[in-house]
Every structure is written in C-alpha cells, then in structure tokens.
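One chain, subunit A, appears in both complexes that follow, with subunit B as partner in the first and subunit C in the second.
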Partner chain A sequence: MNLLSKALITLLLISLTSVSYATPEQDKETFQSFYTERFPDISKAEFGDGVYALDQDARDQWEAMNDFPPYEDDLEEGETLFNTPFTNGKSYASCFENDGENIRQHYPKFDSKRNMVVTLELAINECRTNNDEEPLPYKKGDIAKISAYMASTSEGSEINIATPTSKGELAAYEAGKQYFYSKRGQLNFSCANCHIQNVGRKARSETLSPALGHPTHFPVYRMKWESFGTLQRRFDSCNKQVRAEPLPGQSEAYRNLEYFMTYMSNGLPVNGPASRK
Partner chain B sequence: MHKKLLIIISITLLTLMSNLLFANDMDGKKIAFDRKKGNCLACHVMDDGDMAGNIGPPLIVMKARFPDREALKAQIWDATTKNSISIMPPFGKHQILSDAEIEKLLDYLYTL
Partner chain C sequence: MKLKALSLIIIFGFFCTLANATTATDAAKSIQLAEDLWDKTKSAGHEWNTIKPLVAQAKQALESKDFATAIELSNKASQQAELALIQAEHEKTNWLNNLPK
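And now, the complex of A and B:
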C-alpha cells in the first residue's frame, strides 16, 4: 500500500469516528435497545421494577410484601410535610409548576441560567431556603419522604427529560455519562460493569438489575435501611460496595450522574415510591 | 524411657507439621471466601461455598488448567492483563490482598 492510500484511510477513519460520535439521543436508543434485545420478554415499562422484572421468585416475594407496602406511613408523612405551610405562610406548592403535582417526570432539569442540573430534592431544598426555612439533610429523612410523596403524584407519567442540546447541557450530560462508565474504588468497578456488562447475572445471591429503569421508582424504601432513600443514597451504597468514596448529596458529580441516568430512562413510566430489599 | 520420649516428640512434631499444613490450606480458603478479602464467591462457584455468583467461570481442576503458577498468579494480581475489559478486581495491583495472602490463596486454589 502506498503512502497516499494509507493517509486516505487514516483520514477516513478519523472522519468516521467523528461522525459516529453519538448524540444523547443516539446514546439513549443504544442504551434502551441493549436491554430490550437482551430481555425480549420484558416490556420497556417493566424495567422500572428492577431485579423483580428479571427474577420471578424474587418478584413473587416482593408482590406478597407489597400487599401492605412497608412505606405507607412514611409516604403519608411526606404528604403531610408537603402540605404544611412554612412559617411565612407559603407552601411547597408555590415553588413548583402545577402546584408540585405530577412533575416528577421532568426532574432532573437543566437550569441554563445557573448552568447546572437541578434534581427534585435540590429544588425542594431551594424552595425551603427561598422561604426562609432551613434546608433539609439530603439522601434520607424528611426530604426523601416529601420527594416520595411528589413521585406518587406522577404515577404512570412518562419520564420526560429534555434532550441535552446546549453547550452546558451537553457538558453535564457527558460528565454524568463518564461517571457511569468509569471504573472506581479499590475493587475497580464502573456502574456499567455491574448494571450493563453483567446485568441479570448474580453477584453472590444478588441479581444485578438493568440500569434502564433505575431512576423511575425512587425514592425507594429499602428493607435494609428501614426507611426511604433517594437515588443518590443508593449511589452511595453501590460506591461503598466497590470501596469508592461516596459523594456528598447533590454534589455536582451525583447530579450529573442522575441527569444522565434519568435521560437514559426517558419514556418509562414513573412508578415510585417502591420497596426494595 | 528414651524410646518413649522419642515417640512423644515425633508425634508432637508430626501434629505440629500437619497443623501448619492444614492451617495453610484453611488460610487460603478463608481468604477466598471472606467477603472482606477475596470474596471470590461473589463471582465464582468454588469448592463447598454456598450462594456463589455466576459472573466468572467455576474454579475447578485448577492444576490441570493452570499448570503454570505464575499465570494463575497474574490472573489474580491483575486480570486486565489477559482480558482488558475484565471485571475481576485487580487483587494484587490494587492491594486488595497482600502478596503473602495471594500465595496462600494460590496454594488453596491448587487443591481444587
């Protein structure tokens, strides 16, 4: 082969790779069809049930438990908290579109003025501080109860995160994607290693759930926690498993990760809160 | 009298030695099974371990399949040298296990 044709091939390869650089929309298609092709008997909506979509025995136990959902009291408390006015007389409803009803599916949102991802929990706390209330601690407790109540008003609405297009949105999206695919911790795992590469396989007795559908049902009431936890609390559990340092709630990296993961689940119905082992 | 003493001494020595050998085996197995050490059962069916995962292949007939101890050690030290997208934790490279622990683990693996 002469030098010229070598150079041409190299050029072609370079242009091919730059053309095949995936947009978020293409990423989402690839991501979703990976799972739907891998599990052809599972409908897209069912992926929101996590391992219970894959493992019938586990599903039977789970459904039996849900005859009396373990989170009922906490969910009711969340509703009461949501409806209790602040000292200034205003309420959570005043901070959100549609009085905070049926909006879960639009979070996280990208705030282009501040150039950052805003999760529902961050918005809840900003609502508080804008009304001269102390912010709540993240990941568990009252914030998870309020968020769980808000999620329950979105039951069945499809996750609908606007496709990242602006420079800021794309940067946050790419950072979240990078986090999801990067190995970390002494044990050297990425989220993708467990939830894509080994989905459906068993780590000890734990079936590894698909990442498609991860954000649909949070906050989750975990029997292990005996309480609600937000999606970011679950990130901590997985980070600890691989001996990586968990990050503070609502840190930039976690918000971007949540943004990426939720966009990947666009079109799936909200089905939270849910219970998990 | 001398004879009796000799017998006692040799029995004691023998027990000591077999204890040592046995302890070595036990150590390796403990390292493999312990969730804070190898936790190999998370991914591999092996020996009499219960609730094993199925991410990696069963660890059986190791002597026949890994005649070269260094090759087996390399797999445990850093599995990505053989398979660049391996998910198996790099036990040596990331100091999850010490060199001495890996040696004990190897002794144990060769009993499988």
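And now, the complex of A and C:
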C-alpha cells in the first residue's frame, strides 16, 4: 500500500469515527449551538417556549391566554392526587427524593441496576405498584396531572440529566439519538427534518418549533386535546403526522428518545406545565 | 334436453365453487403474507400507520367473500410494508447524514 492510500484510509477512518463516536457532550454542544447561532436574538432559556420564542404574533396571543391558564383546574387536581395517600397510608412523596418536590429536572434517569431509562411518569407508576396500587394509563389523564404538578414544583430549575458515560447509558442514549434522526412513516420524515432542518418554517399552517427546549415544559395542556398530555403523547401526534404508527407509552424506544432529547436540553430551565395549540 | 342443461348447470356451478374456493385461499394467503411483512416492520421499529387499516379492510372483504378486494388491499399492505422495511434498512446508516453540523 502506498503512502497516499494509507493517508486516505486514515482520513476516512477519522471522519467516520468523528461522526458516529461524538460524545454526548459534543452532541449537546453542536445541538445547542445550532439553535443559538441560527437565532442569535433568542436566549437559551427562551427556547423552552417553543414556537412562541420564534413567532411574536403567536406569542402575544399565547401570553394573553396565559393570564388565565387553561390548565389551572387540572394542575390543582394533580396536586390533590399527589397528596392523597395510598390505601396503605403512604404517599407519592415517600417514593422520591426531596419528597418529590423540585426533582423534574433530573428525569429521565438511567437506572444502572435495571439497565434502563426511567422517566418521571414511569417512576410515578412504579411508586403506585410498589404501594399495591394499580398503575395509571400512560400519556394522559391522572398521570399527566400528577406529573404536571411535580413539574410545577421545579419551575426555574435547570434540566440536569447526568451525562451518559457507562455502557448501558451510552447504548440507551445512542438508541434515542438514532430514533430522533431516523426518517419514519410513509412520509419519510425524521424528527430532525422538521424540528432542526426546518425549524422556524411553516408546515401547513404551523411554525415548526426548535427541538432545543422540547422537554422543558411538559406535560403540556393542548387546546386540541383539551387536557394535559405527556411528552410521549406528543411523540404520538408527531409520529401520526408522518404516518408512522405511534408506540405504547413508556416503550423502550420512547424512553430512550426522551432521554436523548432531555439531555440535549440540559441547562434550560423547567417551565412546565405549559399550554399549546 | 332438459337433463343436459341441468347437468351443464351443475358442472358450471361446481367449477364456480372450485374457482371461489381457490380465490378464498388466495385471499387468505395474501392477507397472511401482508401480516407477516407488517410484523417485520414492527420488529424493525418502522411501522407505518397506513398498514393496519389496509389489513383490517382486507380481512373484512374476505369475510364478506369479496376476494378480489381482499387480495387488492392486502397486496397494497404488503407493498407498503416492503417499503417500510427498505426505509428501516436504509435508515440503519442514513440517519447519520441528518445530524446537525
């Protein structure tokens, strides 16, 4: 082999490894600076407002609506549910650090014993089953209300997902990352196609929000749903838009996706629950 | 004369049932093939939500003995499942081209 081809192969190997073996930290830097460079007038924290960070007219309407948030009753109900003891006398607070207050920013978490990602909603249901209660259905209803209440106690705390480093963490992270960037559905779109490459542009009548800040404000009260929905309920909506079949709540792929997306938003303040169209 | 006509009708009818029977089996086979391919898209993590209704409609057509429609719809489902599998295979590496730079 001559020198030139050796050099070429080395170059090729370097370029290959630099693509597929970027560390999560490097990924996060690239991901966040994509948006901050694209929208230099928007502060990082503001990305948690989704389209309302990009579209002033929509923002004005949204802010007017938020004088009387449409989710107030559901949020209160979430607080009541959270504080209602189980049949055995224990409560949700007994399952979480800091009695479940101000912990939203640490979820999803990687549980190394079970080698899996644990979202806040999964932890809520595990709290129930550990206390001999039936698990709640995922994505909407009481679980979203409880999760919304818990998120509200984290208002302003910065998302702080531990950087994936172990083999298990990296595998879950990479799976979530691949899900996010893979085209799917009959329309052959990836999450990234809409929320990165076409961010700020219109899809039909809707402005496409940045993926930076997506997990900060969930559960979201959507006018279309007339109720709270978790982040995974929103995954369903977006999957259906591209004619992909949604996955069950808390399926491995959804949990890994949530893990990846939330890590990408590390450092942004929790600002949920929030309302959306 | 009458007897001849009658036996002709009987023979004709016999062939019709035969033809019908094969179409029913064909339709069932075609649906089975669609379901197998559809299952593969699920394991590949690239299920399209357009496949389920096609298979359901094909099954309904089979039940109401509309075998031609059952075959047409299940073929459509199979084609879509094959495209979803191509997508899954392609995205095994292509997703890397979608990363932000």
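What we mean here is this: the second predicted complex is superposed on the first by the 257 of 277 C-alpha atoms of A that agree within 3 Å, B and C clash if a C-alpha of one lies under 4 Å from a C-alpha of the other, contacts with A are read in each partner's own complex, and residues count from 1 in each chain.
Just so we're on the same page, a contact is a pair of C-beta atoms (placed from the backbone, for glycine too) under 8 Å apart; a residue touches a chain by one contact, two chains touch by 3 or more.
None of these values were measured; they are calculated from a predicted model.
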Combined model on subunit A where subunit B meets subunit C, clash or fit: fit
First (subunit B), second (subunit C), both or neither touched by A:Ala244: second
Contacts of A:Asn188 with subunit B and subunit C, given as first, second, both or neither: both
Which superposed partner A:Asn198 touches (first subunit B, second subunit C, both, neither): first
Touched subunit A residues, subunit B compared with subunit C: C
Which superposed partner A:Lys167 touches (first subunit B, second subunit C, both, neither): neither
First, second, both or neither for A:Phe31, with subunit B first and subunit C second: second
Gap in Å between nearest CA atoms once subunit C and subunit B share a frame through chain A: 6
Subunit A residues contacted in one complex by subunit B, in the other by subunit C: 186, 188, 193, 197
Subunit A contact footprint on subunit C (complex, rising order): 42, 45-52, 80, 83-84, 87, 91, 94-96, 98-101
Touching residues on subunit A, where the partner in the complex is subunit B: 186-189, 193-194, 197-198, 201-206
Subunit A - residues contacting subunit C, complex: 19-20, 30-31, 34, 178-179, 181-186, 188, 190, 192-193, 196-197, 239-240, 243-246, 253
Touching residues (chain side subunit B, partner subunit A) in the complex: 41-43, 51-55, 85, 87, 89-90, 94-96
